[in-house]
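Below, chain A partners chain B and then partners chain C, in two separate complexes.
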Partner chain A sequence: MRAGWKEKAILLGPTVAWLVAFSVFPLLYTLDLAFRQWSIFTRENPPWVGFENFRNLLFDGRFWSSLKTTLLYVGSSVTAEVILGVGLALLLWQPVRGSRIFRAIVVVPMLLSPVVAGYLFRMLFHETAGPLNHLLAMAGLGRVNWLSDPSWALAAAILVDVWQWTPFVGILALAALESLPAEPLEAARVDGAGNWHLFRHVILPAIAHVVWVAAILRMVDGLRVFDVIFVLTHGGPGVSTEVASLYTYLVGFKSFNLSYAAAMSYGLVLIALGLVRFLARGAGVTQHK
Partner chain B sequence: MRLKQLLTYIGLIACCAIILFPIYWAVSTSFKLPKDVFASPPIYWPSSGTLANYREVIARYLTPAIPNSAVVSLSSTALALLVGSAGGYALSRFPSKRRGSLAMWILSTRMMPPIATAIPLFLMLNAVNLLDTRLGLILAYVAFNLPFVVWVTKGFFDEIPVEVEESALLDGCTPLGVFWRLAIPMALPGIVAAGILGLIFSWNEFLFALVLTRSSATTLPVVMSSLESTDGIYWGHIGALSTIAIVPVLILAAFIQRYLVRGMTMGAVKG
Partner chain C sequence: MRFKVKATLACLSLLLALFGATVQAAQQYKGVTLRVAALSGSLSHAWHTHAQEWAKAHGARVEVIELPLTSMYERVMTDLITGGNQYDIIQYPSFWKGDIMGGGFAYPLDEFIKQDDPGWNDYLPVYRDRLSKWGDRIYGLQIDGDVWMFGYRNDLLSHPDEKKAFKAKYGYELGVPQTWQQFLDVAEFFNRKKGEKLAGKTLANDFYGSELILKRGGGMGSVWTFLTIFGSYLKTPHVYDGGIYFDPNTMEPLINTPAGVQALEVMKKAADRRRSGPGGLDVDWSTFGVDFSAGKTMMGIAWPDLGPFSLDPKRSNIIGDAGFAVVPGAEKVWNVAAKQWETVEKPHRAAPLAWGWTLVINAKARQPRAAYDLIKYMVTGERAKAYAISPDDGLDPFRKSLFSDQDVLKAYKTIPTFIPALQESLTVGVPDLMIPRAVAYYDALEIAIDEALRGKKSPQQALSEAAQRWKRITDEAGREKQRANYRFALGLPAK
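Let's look at the complex of A and B:
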């Protein structure tokens, strides 16, 4: 369709202007901040300190530990979400009556605020009054100090993430399953292939690409995780669940060391970008859509 | 065949139970009497209930958190729809190499950790005295929702054949008129869906609200996060607040059920 540049400007202009003002410019501002030393006293014109913030970042053990926690969190939750999500998709794929209702229900966890999800599970994880420990005890497995034991807290957070986002992988995998051409499946079945063989050698390769995309999307979102951790454990006990975003927030808005937090944010952004490019290339995908 | 169906049903029901149980727990807790809230062993099916939690929660948090959340979500979503659907339309109808990379940029803003934008936004809003104001939060939320709205509406506009618009152009209609009077009505379901999803995202948003507000413009998620006082957390209130936070979302989602999958996966799946 053809139109003058004036119309294009009116249509696209506001979007671009808004994003430049509130997305692009802030990121450049952060970069500038990272090279200065911001403090409440020097907030008018913070002095330039070059790479000092970045140098401190390199030697900040707590930062690298938070990064490790984040990666552990993302790796575990995404792996679980992929395995469970494909399983869920297979279940939803079966032609049973009422599967539409199930599909509608399955979407619900993703709609909740992570803050709400965090509180829901805080109630569930309570050591004595929480149903989870009660059910575990009834099954003879003994109680777990989910949120007060440093060894379990991260697992608890991962569980929440898996609860909330497995359906995400599930519906993507389901769409892939539903777009599978029927012939290869029929042909294999006619040749006498069993269900497991069918799954492993026919179905799985066909939906692998979509599942990988879902995994990448979840990984990108996982690197930014903040809300759930803030509410569920607030980084504790100790710093056992302190993810990178949370540490950055504490540095920036509790210690008010905004320029150091800026440098840290930039480190996170670069790491996220690098990770995504590496993973996307690994899938032989340049960028989906 | 029967066995397979049975197993499938069992599996599906188990999944739904796992998915719905936490929500059920919050709702049932919200109606529990204070003595039952911390009962051990926990009470799964309360035999007596009360509305006291809701009354207390509404008395304490009705202003300003809930109205703030509502106003900010509605305004920012409306603005984002207006600006974003125009952008989505332009990206759909005027493809060019530069537009392609613009689309890529819009998608990549999704990858930025929000904390990276929150810091400068804090300083920027502070400089113009918009910190802890609804307007400041609305401005931030529009930017937060725009990439999503542009992306999803572009997908919907892509599906509408261009011929109707082109014949309108030949008949003398201006491109903007075509956008306003033809394209938007035709893509209305998609735009509404994008709007409702944006509404849900804004209603649930936490980090920016936490950083950019203090006491006047605070929103529901922020208020919920600060419920720990010196007397400890009161689950009855949390249950009530959670339910209040969840119910509008579920109702809205029911309206756009058809487009939910598509919106949640950023258009990757047509649902």
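Let's look at the complex of A and C:
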């Protein structure tokens, strides 16, 4: 029996209403705000200014600098997570005793809130009282100003991200490995393929599409990074770790220039969409190979 | 007999009346809950102690909402602007005044003060007249008397061996630095490595010649170091009214004048490892406060809390050895009007009234009278005295009477320079920028300072870019409005 329109409305109505109220409306409202100049302090009706906010964005050096920092952050962390994640998956794929326990331990970083992870590493990276510098000093390598040297601060933030999210890529890669049929692997071994050859020409192509999807998911998440940076460095030293989302937050909530922050947010959405589309094409190509 | 009966009845009536009044006072705010927004950490200490005493005595409840420094401004302002009204009382630093008082978010206190005096005339004029009012109306009660001072190791400065060696090297007597050049000389002289001698003893660790607060971010950083030095190099008619930020006629920023460039040059030299500790550009208030009282550093400029810190047996290794003075000054000043440098007869100084916590009542507070009663309690009597003495509250003297109070004088007996230095510093006090969006202006300045000190940009380039950013903020906020607000803050007539 086919459902009539009344039944459909009743079943779908609440979901659609929720989506409209909490997804569609905020998106449209923010888009409208991006074309206005809203001064919260005067509480007047915000006047329409057209593309002025977007034009200002094009010439805002600090925005482009923060975007560059974000892309560097994302590029470095995702690359490291993919390489280490696949390596981790290969290790966990081995039939050793206790591998189930290792798998459970390995996902613990993922379970931590990013704020906690950020604070944890802030303690670890402390220049004078942190254990990391203490170990480096013991090894005769000298202290590193992890969070106060612009050359190191972004690397420190990337390290936190890699520590926390490599298991995510690893788990997905492991699932792909465990779903591989055994016959191609056995056939390759019989043909005399060594471990590296097996990995390079049999395993990697088979799991590539899963790893690619994991990379895309990490990239989307990385583009939105805020909490780790906020806790770890607050964008400093200087603006060396100021990522785009943090700058947007400062514009919106320190300067209370919500219109400009809205324009910035949409600028970031467009950039992120472009990147995802580009990478998703790569995933499509990988799958069809 | 009849007299005795009458007398007894009269006494009983009086006792009953007194008892009733006491019970009534105890229940005066029964059922009232007041929510206070305060900075987390030591600055909430007074609320967790004294405010709870008040609450217990009045049958009320005081909830203290501790907010972290990095997000306090956003959270308070978002709440006020959106009408959330989560806070009945807000403890905020003076440079938010333009946003809070100027934004109409504070409850006027004039009538309350007339009915129930919080010792209004006992307030130091600079706090009473500059920080507590917006125009002719009173909106705040000061709970903290902040003014930057110069702290140093008096024992080292007066050591005969050190004096002799200093004179031999620099050609003048070692003493409390009066100018920024002398500050740099003394910093260089006392910067010693582990194993070297200091005041006749061999150092077990490095000793820092100075430690300036230079860190960007966190809110209590480099801006006030810059303003101290910059203000000393600047000559305008309104320096001590807070006229160091803009030209009050044109709203042209003053930070990128040669005075600003000179200030950054001094800061760069002070941050050099030959004159300071390893923290360099990562030194914030907490680092310097700890290092100073631990005896790791010779001197620096910061809040008066250095005094009680240096006497606190829990944290200080220099009890009785600290000295205090007004901040060093400049030997020449940039005359903004004449656009030229001028030498001065005596060092020109500027001590920022940096932060200076004020209490306001939310304009939409449900129980403003109760809130006033609480904030009045917090700023009067033994509480005010306690703040002046205790190292735990993060609050400093804000009343005239405290400078002659025997308990306060006794508390600082071993560092006799402290109270006179505090009083002298107030005479060269420079208020914070107190117009709307001050936080945004300071943020732009902080970035410029950091970029210049790290060598990413020259001081002139960094400050010029900050000035451009300031102009943009001014335009976004409304140039004429900001000009009116700024002139208002300086006590100038609107043109």
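Quick notes
Following the convention adopted for this analysis, the second predicted complex is superposed on the first by the 268 of 289 C-alpha atoms of A that agree within 3 Å, B and C clash if a C-alpha of one lies under 4 Å from a C-alpha of the other, contacts with A are read in each partner's own complex, and residues count from 1 in each chain.
As a working rule, a residue touches a chain if its C-beta (ideal position, glycine included) is under 8 Å from a C-beta of that chain, and two chains touch if they have at least 3 such contacts.
Since the structure is predicted, the reported quantities are computational estimates derived from the model, not experimental observations.
With both structures placed on the common chain, the touch criterion links A:F253 to chain B and to chain C. In the overlay built on the shared chain, the residue A:V108 is in contact with chain B alone; chain C does not reach it.
Look at A:R277: by the touch rule set out above, it reaches neither chain B nor chain C. Once chain A of one complex is fitted onto chain A of the other, the partner contacts of A:I10 are limited to chain B, with no touch recorded for chain C.
Chain A is touched at more residues by one of its partners, and among chain B and chain C that partner is B.
In the superposition on chain A, contact is made by A:W163 with chain B only, not with chain C. In the superposed pair of complexes, A:F230 makes contact with chain B and with chain C alike. Within the superposed three-chain model, A:P26 lies in touch with chain B and out of touch with chain C [touch as defined at top]. Shared-chain residue A:H134: touches chain B; no touch with chain C. In the superposition on chain A, A:R55 makes contact with neither chain B nor chain C.
In the superposition on the C-alpha atoms of chain A, the part of chain A touched by chain B in one complex and by chain C in the other spans residues 230, 253.
The touching residues of chain B, counted against chain A in their complex, run 4-5, 8-9, 11-12, 15-16, 18-23, 25-26, 29, 37-42, 44, 83-84, 86-87, 89-91, 93-94, 102, 104, 106-107, 109-124, 139-140, 142-143, 146-147, 150, 162, 165-166, 169, 174-176, 179, 200, 203-207, 210-211, 221, 224-225, 233, 235, 238-239, 241-242, 245-246, 249-250, 253, 257, 260-261, 264-271.
Every residue of chain C that touches chain A in the complex is listed here, in rising order: 70, 73-74, 77-78, 81, 99, 102-103, 215-218, 279-282, 436-437, 439-440, 443, 447, 450-451, 454, 456, 473, 476-478. The touching residues of chain A, counted against chain C in their complex, run 37, 39-42, 127, 145, 147-148, 150, 230, 233-239, 250, 253-257.
Listed in rising order, the residues of chain A touching chain B in the complex are 1-4, 7-8, 10-12, 14-16, 18-19, 21-23, 25-27, 29-30, 33, 43, 88, 91-92, 94, 96, 99, 102, 104-117, 119-124, 128-131, 134, 163, 167-168, 171-172, 175, 213, 217, 220, 223-224, 226-227, 230-231, 244-245, 248-249, 252-253, 258, 261-262, 265-266, 268-269, 272-273, 276, 287-289.
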